[in-house]
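Next come two complexes built around chain A: one with chain B, the other with chain C.
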Partner chain A sequence: MEPRVAVVGIGHAGFAPITAGVSYKELMFEAAQRAYFDAGVDPRTGVDSFVCCSEDFLEGTSIFDEYVPDQLGAVQRPVQTVAGDGLFGFVTALMLIRSGIASVVAVEAHSKVSDVRSLGAIEAFALDPVLNRPLGISTLNVAGLEMNAFLERTGLSEEHCAMVASKNRTNALDNPRAAYPAHLSVEDVDDSTPVSWPLRDLEVARRADGCVVMVLASEERARQLTEAPVWILGAGWASSSPSLESRLWGHAESTTRAAEMAYRLADVGDPAEEIDLAEVDDVYAFRELEHLEALGIATGPELASLLEAGDLDIGGEMSVNASGGSIGQGNLFEANGLVRVLECVEQLRGEAGERQVDEAYVAVAQSARQVPSTSSAVVILANDAGAGG
Partner chain B sequence: MARRVAVVGAGMTKFVRRAQETGKELAWEASRAALDSCELTLDDVDAVCLTSAPDAFDGVHMKGEYLSDGAGAFGKPFIRTYVGGGSGVFTAIQAWYTVASGMADVVLAVAEEKMSSTQPHPQGAFLTIFDNVLERPLGPNLLWIFALEMNRYMSVYDLDKRDIAQIAVKNKRNAAGHPAALLGQSDITVEDVLGSETLAWPVQRLDVSPISDGAVAVVVASEEAARRITDRPVWIDGVGWNLDTTYWTNRDLVFPEYVANAARMAYDMAGVTEPRKQIHIAEPYDPFDYKELHHLEGLLLFEPGKAPEAARDGVLNRDGDLPSCPSGGLLGVGNPIAAAGLMKIAELYWQLRGDAGERQVPGTPERGVAQAWGDLMQVGTVVVMGRDGVSRSSGSSPPATSDTVAATSLPVVQTPPYATAGHPLSDAQFRGAVGAVDHAVDARYEWDAGVAVGRFLDGLAEGRILGRECRGCGRVLVPPRMFCERCFRATDSWVDVRHSGSVETFSICHVAWDMTPLDEPQLPAVISIDGSDGGFLHVLGEVAPDDVRVGMAVEAVWKPEVERTGSILDIAYFRPRATGD
Partner chain C sequence: MLEKLERPDEVRRWKGRIPVSHRYTPGVAGDVFFTALRDRGVLLGSRCDSCDYTYVPARLFCERCFAELSADAEVGPGGRLVSFTISYTGLEGEPLEQPVAIGLVRPDGADAAIVHRIVETGDEPLEIGQRMEVVVKPDEERTGSIHDIDGFRPTG
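Entry: the complex of A and B
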């Protein structure tokens, strides 16, 4: 995908169940400072445009755009909000650079969800006001409906979903930023309370606070700024039906479409063969499997044998959520997409420490917006070796 | 280099006080009208860009997702951008970079707003725009900040209220022939505006564009696609956007520097070096009448403080030298926030094609600028558009004048495509409608004040006002922060600042946020704090409203120590202070 764009700086802060005493501004400042230091840029002079990702009701502020510029070094600069997941901000930064209007762009997303006292009610406020809300259903119910349809269709079992939760919590043990690392067996997950059957308590990612900031640059600037650029080979994003009544249950339709676009741009023909690691949405454990299928990495029956053989583990055929995913690191809401890119960048730079995946050249990061919505984004990333130099 | 990008179609619903249609239906009607206008179908669209102002209006969390299918986004790349009141113009910028980046050839850009769902009054959505720790306890409403800014603008340039009111008159008259307008009125006078109810002095009812429902959509295409779709594309020649500091009480509100920054960015890209000569139509953002003047200055079309004079001289009229808001603007057409911004892009498209019907500006306008504004008086979004054949190559062409009208007026080939949708509902019809659903969101939060503001609040409990010093720029920041936004470094030390200051600007507010009258007027003011480079929002006391002046010396009146809780309310109010002590 020419002209090329790379990630040249990453920074994060928080990643804890609660970040008491620190405001969201201070959390953002810390992550931003780290990202700019990593990229070697001064935001006051060296960043052309800033993209922030947030949703008002998660912040408790109407027009949250108001409260972002100062702590990012973005005062009196081009700043915009993407009302959505960080990965949509990431592709927005990509577009800004490709359009020629910016050479270096910072993208930010955060979660200060510990400030929210009535999260369930706010999540349910995303449901259709006339047809769905009077039924009194929660977003967990919607996830349960989705899971059941997915298992019905693919023949995958509840145990396979429990294996995902167990794997991701265990992977998180090797991730110093993860908020929820644990030695958790498949039986532990299977024995946990069903919250909306077949979905079980330990298959739902716990909420966490945190912030991720990234710096993206054009090829020319990337070469000047870093010796280890991580290239964006392709990007895709898509929406599906927002209405519960007309969606294709049990299929991650928007991810399928986003992946098609990203693979086309990245010239990926056989994802299972050409991609070395995947960081995908697992806010509900079954969705990791649903998304891997939509990404064309394996079909339902194949996923069963991959899981059983440990081929999705770190060191397996295709490491999936080596970071621990959202189940291991915490659900950072609109920041989840950038959390997945963060892991891909660390892996492709060879900076992932104990959880480093061998021979990591090409990675896929995928994000899906929170239930009940149906928008997804997919990006294909590679280091110099993976991008063909 | 970026690909050239054009607007090739536009459509809008009627702007109404309360629409029968849902937000999705409004988005669909505008989208269909825009696609119909250029004879495309949804299959021709590669990606959808959507915008809409606070989710609190529609009463749906993640409302972009909720609206997406109405905006034609099913199965397509879809992103909602959002910069408050600046969103409508910004979504045209979003469409521009989506095409210019090569990620799409044809984009549908949609702006929807259904404000009427918020009860008891849509202003409720704005109660939570204020700082959750330092401002919300004071009970501010949206009118306050407009009144504070308007008063500052009037005070610094010694303007008469008539200078301001003439803009409302011009725009409501301009809208009189607009088939989608809510507020067109050909016989309105300055006296009508000056005689309307005072809401928050100096703001009166007819200074304000009212809440509305509506949607607008435009189709944006790459050069190659545009040439295929129409013989009269209108080019997006320049785009700019800019966001100023959150700490609005630390800025001089008299001039919108962020609008000027956005304008410079857009003009540079468009090759506009002398905006007053090279821009022939302006659609500045006019939710309040003074804002149009403020923004014309921010757009560098007039010197600071000089736009009112131009208005008096008729320069801004439809047949003037620089027609401003020939659409009728928000004051005339209506103010469904995000949709109203994109309406300005649609208006330039129609005007520069010669399709504006009764509203057509005479002469041969070649280039226009549209602008929107929002957040905490903080964001500017600017788009420069040019007529085909002259765009980008006519940097030095003279402005259109009325002398040239007869010879070169553009032929009017069609009337603009307005959707017939936007069916107004009365309050009684709404209450009696089947399926009207009441729902109150249980939205509770407990914000961390953080390190800086946490210490500031502790200081207030102790009867101290604390600032943070930045040794990089030498400023003392009040309210304090642990970082300096200008130097982008950690700040260095705590400083006790004085308990006195001066009134930067003030208002006399007569209504509550839901527009119910107050028994006693409130006196909100921005106080510049002595010994600091900042200040904050508070209220005045022990003073008659008529005696308050900009620049007046004031001092904090503290609550008794036992009643202080570590809140901005530990200062009961500020009162006049004898000067010279």
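Entry: the complex of A and C
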């Protein structure tokens, strides 16, 4: 994709089960301050447009766009909210710059889920009101149905899913921002209570508060602002069949389609060979495997061998969720997509500390909105070396 | 933000509620589906010939090719189990007194599947791909809602 767009600033705040006493606006302010400092821009004069991602019911308000400008430096400026995952806001920012409307764009997403007193009811409210909701089924049940269909189709086992949860909690030990680091064995996960069998309690990402803000810039501005730009080589997004009745169960179809688009734009022909690390949706442990398959990294049986050989660990053939993913860092809801980009940017800058992946040049960030939704987005990122200079 | 809270009860919070009530229109196809379920105890779907795909419940349009469909393809009551899950928790994570089996059944003649409870699970463990049957409530108890279906039962 020419001309290029780069991530030139990152900032985050929170990443804790509870951020007591701090409002979501203050979380956003803190993350935004850090991102603008990192990018070296003044939001009041140096940012052309602002994009926020939020879901009204999770915020406890309606028409949330009126609640976002002040803490971002976006008052009296072009600002919009996207009702979706942060990665959709990220590609909106990319399009604003690629279309020439803006040169520098800030994108934000957050979670203040500790303020939500009826999360299960809000999530269940996403189900069809006539066909599904009257049955009282939960999103965990939808995830359980999906997991069972996925395992049946691929031949992967419950233990493989437990290995993902164990890996991600352990990876989080080396991530200072992670909310849920732990030495967790595969047996610990296997022994945890089933919530919606075959899905177990320790395979579900715990909720966390937090905020991520990023600054994106055109190639020309990026070269002026930073010596370590992280280039966006490609982006894709797609839906699957949305209804529970007609969707393709046991496949992450929307991720497959989003990846096809992103790979086409980034000119990636062999993802397993050309990509060095992946940050993918793991709100439910099995989804990491489902998305890796959809991203063309490996098929079901290959995933089993990769997991068993430790090749998805930090330092393995393909580090997957070196950050700890949502299982290790916490489920930040609409911010999950930006959390994945955040990790890719730190890795590609060589700033990931103890969990730094060697020879990290090209990364893929993938996000899916919460079950029961079937929307996914994929972006391909690279540092100067990975982007060919 | 230099001063940190040390005691949770020092946090000032305001409790609020979102008062939401709504009216949901199942639409033309939904109306035909629920009327057939109530009056005849059958499942009506919609066939798209160009996609070779039969939806259930019935719908007025094909999501694959955008064709207009009619609600006239009767499917089931037999079918196959596409997936199932055993639920141990309620909406807010509270443990259920009795686990509930939830299934996804593709009725014979349909490509889409229906989500509902699995009733009469019996002693045999459930298996994906096994034969199932839609259990419809007796004539006098049906009102034209998804609850006109009691659930699914294994048939071997």
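In this text, the second predicted complex is superposed on the first by the 389 of 389 C-alpha atoms of A that agree within 3 Å, B and C clash if a C-alpha of one lies under 4 Å from a C-alpha of the other, contacts with A are read in each partner's own complex, and residues count from 1 in each chain.
The criterion applied here is as follows: contacts are C-beta pairs under 8 Å (C-beta built on N, C-alpha and C of every residue); 3 or more make two chains touch, one makes a residue touch a chain.
On a predicted model such as this, the values are computed, not experimentally measured, just so you know.
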After lining up the shared chain so the two structures overlap, which partner does A:99 touch, if you call chain B first and chain C second: first, second, both or neither?
first
For A:375 in the superposed arrangement: first (chain B), second (chain C), both or neither?
first
Once the structures are superposed on A, label A:244 by its partner contacts, choosing first (chain B), second (chain C), both or neither.
second
A:84 in the overlay: touching chain B, chain C, both, or neither? Say first, second, both or neither.
first
Counting only touches as set out at the top, which of chain B and chain C does A:121 meet: first, second, both, neither?
both
Between chain B and chain C, whom does A:130 touch in the aligned arrangement: first, second, both, or neither?
both
First (chain B), second (chain C), both or neither: which does A:69 touch?
first
Figure out whether A:198 sits in contact with chain B (first) or chain C (second), or with both, or with neither.
second
If you count the residues of chain A that each partner touches, which comes out higher, chain B or chain C?
B
Pick one for A:148: touches chain B only (first), chain C only (second), both, or neither.
second
Common interface positions of chain A, toward chain B and toward chain C
20-22, 26, 57, 60, 115, 117-118, 121, 129-130, 134, 241, 243
List of chain C residues in touch with chain A within their complex:
1, 5, 8, 10-13, 15-16, 18, 22, 24, 26, 30, 55-57, 63, 82-93, 102, 104, 111-117, 128, 145-147
Flag every residue of chain A that touches chain B in the complex, lowest number first.
19-26, 29, 36, 42-44, 50, 55-58, 60-63, 65-71, 73-84, 88, 91-92, 94-101, 112, 114-118, 121-123, 125-126, 128-130, 133-134, 235-243, 253-254, 257-258, 261, 369-370, 373-375
With touch defined as at the start, can you tell me which chain B residues reach chain A in the complex?
1-2, 48, 53-56, 59-62, 64-69, 73-84, 90, 96-98, 100-103, 125-129, 131-132, 239-247, 257-258, 261-262, 265, 269, 374-376, 378-379, 435, 437, 439, 441-454, 481-483, 485-488
Residues of chain A touching chain C in their complex?
20-22, 26, 30, 57, 60, 115, 117-121, 124, 129-132, 134-138, 140-141, 144-149, 152, 193-199, 241, 243-246, 249-250
